[in-house]
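Each structure below appears as structure tokens.
After this come two complexes, each holding chain A, first together with chain B and then together with chain C.
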Partner chain A sequence: MAGKSGRTIEATPQDVWKKRIFSWEGMLVVLFLFINIFCRCLSPNYTVTNVLREMPKYLSEIFLLLPMAYILMLGEIDISVGSTVCLAATVACMATNAGVPFVGVIFITILTGTVCGMVNGFILLKFPELPSMIVTLGTQIVFRGIAEIMLGSGGSVSVTNTAGFRALSGEIGPFPYVFFLVLICGAVFVVLSIKTTFGRSLYAIGSNSRTSFYSGIKVGKIRFLVFTLMGTFAGLAALFLTSELYGANTTTGNGFEMDAIAMAVFGGISTAGGKGKMVGGLISAFIIVCLRIGLGQINMNPQVVLIILGALLICAVLIPNISASLGLKKKKVK
Partner chain B sequence: MSEYVLELKGITKIFPGVKALNRVQFQLKPGEVHALMGENGAGKSTFIKVITGVHKAEEGEMFLNGAKVDFKGPRDAQAAGIAAVYQHPTSYPDLTVTENIFMNHEIKKRGLIQWKEMNQEARKLLDQLDADFKPTAEMGALSVAQQQMVEIAKALSTHAKIVILDEPTAALTANESEKLYRIVDKLRDDGVSIIFISHRFEDMYRLATRVTVFRDSQYIGTYKVDEITNAELIKQMVGREITDLFPKPDVTVGAEVLKVENLSRTGYYKNVSLHVRAGEIVGLTGLVGAGRTEVVESVCGLTKANSGKVYLNGNEIRVKNPTDAKNLGIVLLPEDRQKAGLILEWGLGRNVTLPILKKFVKNGMINENEERNLSKRLLEEVDTKAVTIFDPASSLSGGNQQKVVVAKALAQDNMKVVIMDEPTKGVDVGAKAEIYAIMGELAKQGFAIIMISSEMPEILGMSDRIYVMCNGSVTGELKRGEATQEKILEYAMEKNANEKSAVKKEGVN
Partner chain C sequence: MRKKVLSVLLCAAMATGMMAGCGDSSEPASNGGTTDDANANNDASGGSDDADDASGGSDDASGGSDASGGDVSGKKFALVTKSAGNPYNEKEAEGFEDVIKSLGGECIIKHPVAATADAQVSEIQSLISQGVDSICVAANDENALQAALEDAMAAGIKVSCLDSKTNAASRMTFANQAGTTEIGQALMDAVYDIAGGEGEWAILSATSQATNQNAWIEAMKSIMESDSKYANLNLVEVAYGDDEPQKSTDQTQALLSKYPDLKVICAPTTVGIAAAAKVLQDQSSSVKLTGLGLPSEMAAYIGDDDAHSCPYMFLWNPIDVGRLGAYISAALVDGTITGAAGETFTAAGMDNSEYTIVDAGDGGTEVILGAPFKFDPSNIGDWKDVY
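After this line comes the complex of A and B, so read on.
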């Protein structure tokens, strides 16, 4: 067309591997190895078998991390998932106690989570100008409120027939089922985010929802879909949590949303949207899980573990910020 | 008293890796309006920031009324009587006009803000500028032109002797510009010296006595405005000769492609009918707020019209959302390309392919090789000045960003109608010519083109046919031969200012 200058533009990515290694995700891999060596030195019980045995306790939170990462990529947030887990877990226990066959329990639990997610998604779809933080703060209170009414005056429920849940927490060799499920789901989420139009849309909406809308991306639909997905996975998390605890109470799932957000942010997924990689979120989740197991094994006070994790999170968000501001100074030419 | 109120000599400003200013000089006479011109990236903005103390020059000297000065920061410049009004009003939209004017230099007594005095003082300043709004009005409710007036009032409130206006007319219509010209005249008559940055030649001819040209971070020369021709000036700015700014090709116009019939949206526009044929460039002009953008937004499914019909190739279409428009081949190049046309932090390639990702999907996954090849080809086709397709869009100049948006439109190979909203806004003269050339090329290829523009020269230079809108209605249609600036303006203005328009006024802004 107007190409009178005959200028050519390079279209082959350069130094792909170098960039991968020197990325935040590359650093997380190193940190993951380091944390494992550290824990091994700290505790003689820190063996593969032991770690895998303790892992299911923490894995349910990784189910929350996966869709939460998508929500953050969209530039949104969902702080109602802890309550959704509580409600779904309550439903799971009560359904089991009411004699519903276990397949039905699985279905009902996941459905409960999905409906909660749809409620969030629907409100945001109909009123796109509302901030998701406030909407999910509202539903956080509502969902937990419903769970508390169901739990009644005792405030807790225990599963009487644990057979189904016990089967769910089974193992293949040293590996618990849930470990495989987390890995499979993680892989799917990673591929979806980098290889599909859906993933690209997530980043596009998170970076600039107006341009995305103008470009014909169905912004509202995708947002609705992701919030619903969040609910579905909260149901899944509730299922596996119940198979660890064999019960639910009013504090079930408390703070889970913050753990999931923390994992994602530590993994380099910015709360501002459009940035970060799913892989980073997954690695950081395993870093946190391993650190918790390791520090738990040497009987460190759980409150101290929390302080360490909090400090680590602040460092994690600080480092890219510092390097970004250094980079900005270099680039600030005009 | 020295000959110059402000003189800069041998100013060099280095940013890591780049010389943003290379030994430039500048002289401002008392009570003169001095235009500063040059392409984007020529160093004008950096230069202004050196004067206002935002940046510190590595080399060079600055004299104020003959005395050497050394500003440590913007406060020093302000104290010395230098004030700048920037391109994008840097205001606080939720505060009142008075609060904006006196931000950081409130009138205080014993630590308490004197609201009454401040409002009176603001009233005085606004009267001086013939402003038609109250000092207690909320800033965000004002039009861009009015906000600019507040910025000027703010400059005056600091008793500035030198006022710098950075592209003040970029967002203004012809009328509003005229009002601004009168304000500048008045300031000059009051003895204020003015530095005026603009891409619009009309501004320069109307206001300035002298013009200084920068190019590639260097000082090119200072000329008396009435002694230099337009072509010469462009040559100095661009560094090469531009033979034809409006390369409008002769195209045999084909069949009607898009037709809008009696389209209305309450509060925005009413009974708008227009059509565009294949290979035709239709100009849509009028004052800002006349409803031009609102009409095409409805055509593209961004908003919903209340009534009326839209036809594509003779068939009635219903566009409910931008996805429908995309699937039908109606493409909008939005006015605000940074916020609605591009994802600035993304690479150029991904920006280009954003609307057509589905095309590259194989087995559910995006074939990135194919994607990269296509974006490379399209970006080269529109001659984008970039090194790789991975360069972030934010790194390009306005003109090249617009080319990326054009490439993004071209990627949609079902495209039939191209709607360009202010395609050369914020684009410098060299890149403007290139964008006009691309537009001409698109017409040659048989696309139906609607160009919304407030710039008279480009409307007259590029359009086959011109629709003029006023207050939400199409008030006139002119053919290429018969259109003149006067006729357009006549249609664009309300015939009777007292006559209440058909459209609610509040909705129009």
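After this line comes the complex of A and C, so read on.
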């Protein structure tokens, strides 16, 4: 039936719906519903109010997921974001303690993140042959190093005037502000990736950057943009993380980059680039967050939770491969 | 168009999923659900366990509840440790759990996945959702838990710390393992005892700015001056090994060559005492050692005979720290104390059963565990594998 391109032009509306439900994203929605029902059955405390109250800490990681998904679509990777968050959070605390008004703190924090992102982007722009993994490994160490120097011997800083951060972590009803912001940003990222030339360039570069380059796509510029965007969102994440922790220390943001990558990969976004959908990453992020909250509430050992998440991730990567190989076999039989 | 419809659909599905899946929003919020939860959690933890606790705990509890005047059976007590795989913390958790079970309460131990404030915040948030009655935390960061712990207190949960404290705003009180005066007194008595009441002695400390060590040294000096019993002891020098093994070794050797009549070295730092112990034992020196040390590092040097350099030393007993934390939690929950300085409560199962809350000097209050725990040849074997 399916042609080489995977399109079925003559498909009836029924087939389209079938395809949607059996697409990876469709599966994720089902899984999301299942996880929520599952957690609700396990823990009587798994209520909307409680989940939303526990969520803000995890939501700051979803900020990282959004541009990380773009980076993965490009076929690149950025492992410096955890350190960027650490540095931006440190700057946020120090700026607040230095008496900068809170609007200024917001600006400085996001600017710090953006500058970090630009550093990555600039290196990759000027030296396109360098692997992003190695460049960002370097900046990961550099950014955290700068943060550690700023933090000094104590290794931690806390905000003396928490008023601004308290306001930032406020809620409308049971919904924290950050929840709306994540949804809005998520929607923008989804639309950008599927509706704009920019989005199509992402997939094109991820599939084959050389061909894209010769087709007139400004590969370097887009890469620079996306890495800068990553930094900006790391700054945003740092801001909301600080509003939960009222401080920063040398371990702030540890491992965030891997969490963001895991969410994206679980959402069907291939690390090889050019594949996957933003919306999948977003749903999978909420699946992981809900699962963590639910299992936390039944006091499951957090190490076991990690094992479960790791196993899920491997399954997520394996299933498309297995089904692809099954599909190949079918074709051969035909 | 197709993709647009798809994405709208998925967003809608996600939103409704949040609503539907998360359960009934009309249900009472976190702290309201306590009574329902008790049943659910009993199921989860297994019936036989509960039966054991109830029968085993009844006789202990009778003693405790008489004195404290309240009843904490069926209440939920949580302990958040620094991280999993920390043997010192695990011993604290052991003590905590024992006491809570003996009082008839339900105990939840949370070991965060990493030794970060970040990981502890998740655990605390989760405990608030579960509507526990009390949270006791060994803080990884003094200030970073404030937002989460304030949420907890706002939800009516009694918050205390053990082992290492949070700032004053995020706790009701703190089970302090290391009271400055108690440590000074214990070390001073050890020096007096080992030196035989007279002679020269020296201190090998960490860095010259180390807050804890300086406080303890000051305490020792003031005890020495205040009591004529110590008049024949002569403190010749306070040396600083900067908590580096090599520098501590060098400083020990310098002390030995400078003061041939030296009788005792007191090292109130785990790095210093280990370095000094090795020097003294390797040289079969007649100088003896005491101080604060880790049993695992010091096991080879502790002994009464001349072949060993350290007759005995001190550190805190993590099990007792956990037990005190549990008694504080219980007293906070049953209303015996509110965490204000001057209040007293009873810890029925402990050596020093009457505890008083004192001012901690940081704007908050604390409860001091008591004299540090003595490690000597008779018990070092049991402790060397613990921490």
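As a convention for this text, the second predicted complex is superposed on the first by the 312 of 334 C-alpha atoms of A that agree within 3 Å, B and C clash if a C-alpha of one lies under 4 Å from a C-alpha of the other, contacts with A are read in each partner's own complex, and residues count from 1 in each chain.
Heads up, the rule we're going with is that a contact is a pair of C-beta atoms (placed from the backbone, for glycine too) under 8 Å apart; a residue touches a chain by one contact, two chains touch by 3 or more.
Since the model is a prediction, treat every value here as computed from it, not as a measurement.
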item	value
Which of chain B and chain C A:64 touches, first, second, both or neither	neither
Touched partner set for A:279, first chain B, second chain C, both or neither	second
Contacts of A:88 with chain B and chain C, given as first, second, both or neither	neither
First, second, both or neither for A:187, with chain B first and chain C second	second
Per-residue contact with chain A, leading partner among chain C and chain B	C
Partner chain(s) touched by A:217 [first = chain B, second = chain C, both, neither]	first
Touched partner set for A:45, first chain B, second chain C, both or neither	second
Residues of chain A that lie at the interface with chain B and also at the interface with chain C	191, 195
Interfacial residue positions of chain B with respect to chain A in the complex	15-18, 20, 41, 45-46, 302, 321-323, 325-327, 332, 334, 339-346, 348-350, 354-355, 357-358, 361, 364-366, 372-373, 375-376, 379-390, 408, 434, 437-438, 441
Complex interface listing, chain A residues touching chain C	16, 20, 25-26, 29, 32-33, 35-37, 39-40, 43-51, 53-54, 57-58, 156, 158-159, 162, 166, 169, 174, 187, 190-191, 194-195, 241, 243-247, 249, 251-252, 254-255, 279, 282-283, 286, 290, 292-293, 296-299, 301-303, 305-306
Chain C - residues contacting chain A, complex	2-4, 6-7, 9-11, 13-14, 17-25, 27, 29-30, 33, 36-37, 40, 44, 84, 108, 110-119, 121-123, 125-126, 128-131, 141-144, 146-148, 151, 167
Complex interface listing, chain A residues touching chain B	1-5, 7-14, 191, 195-197, 200-201, 204, 207-208, 210-218, 274, 329-330, 332-334
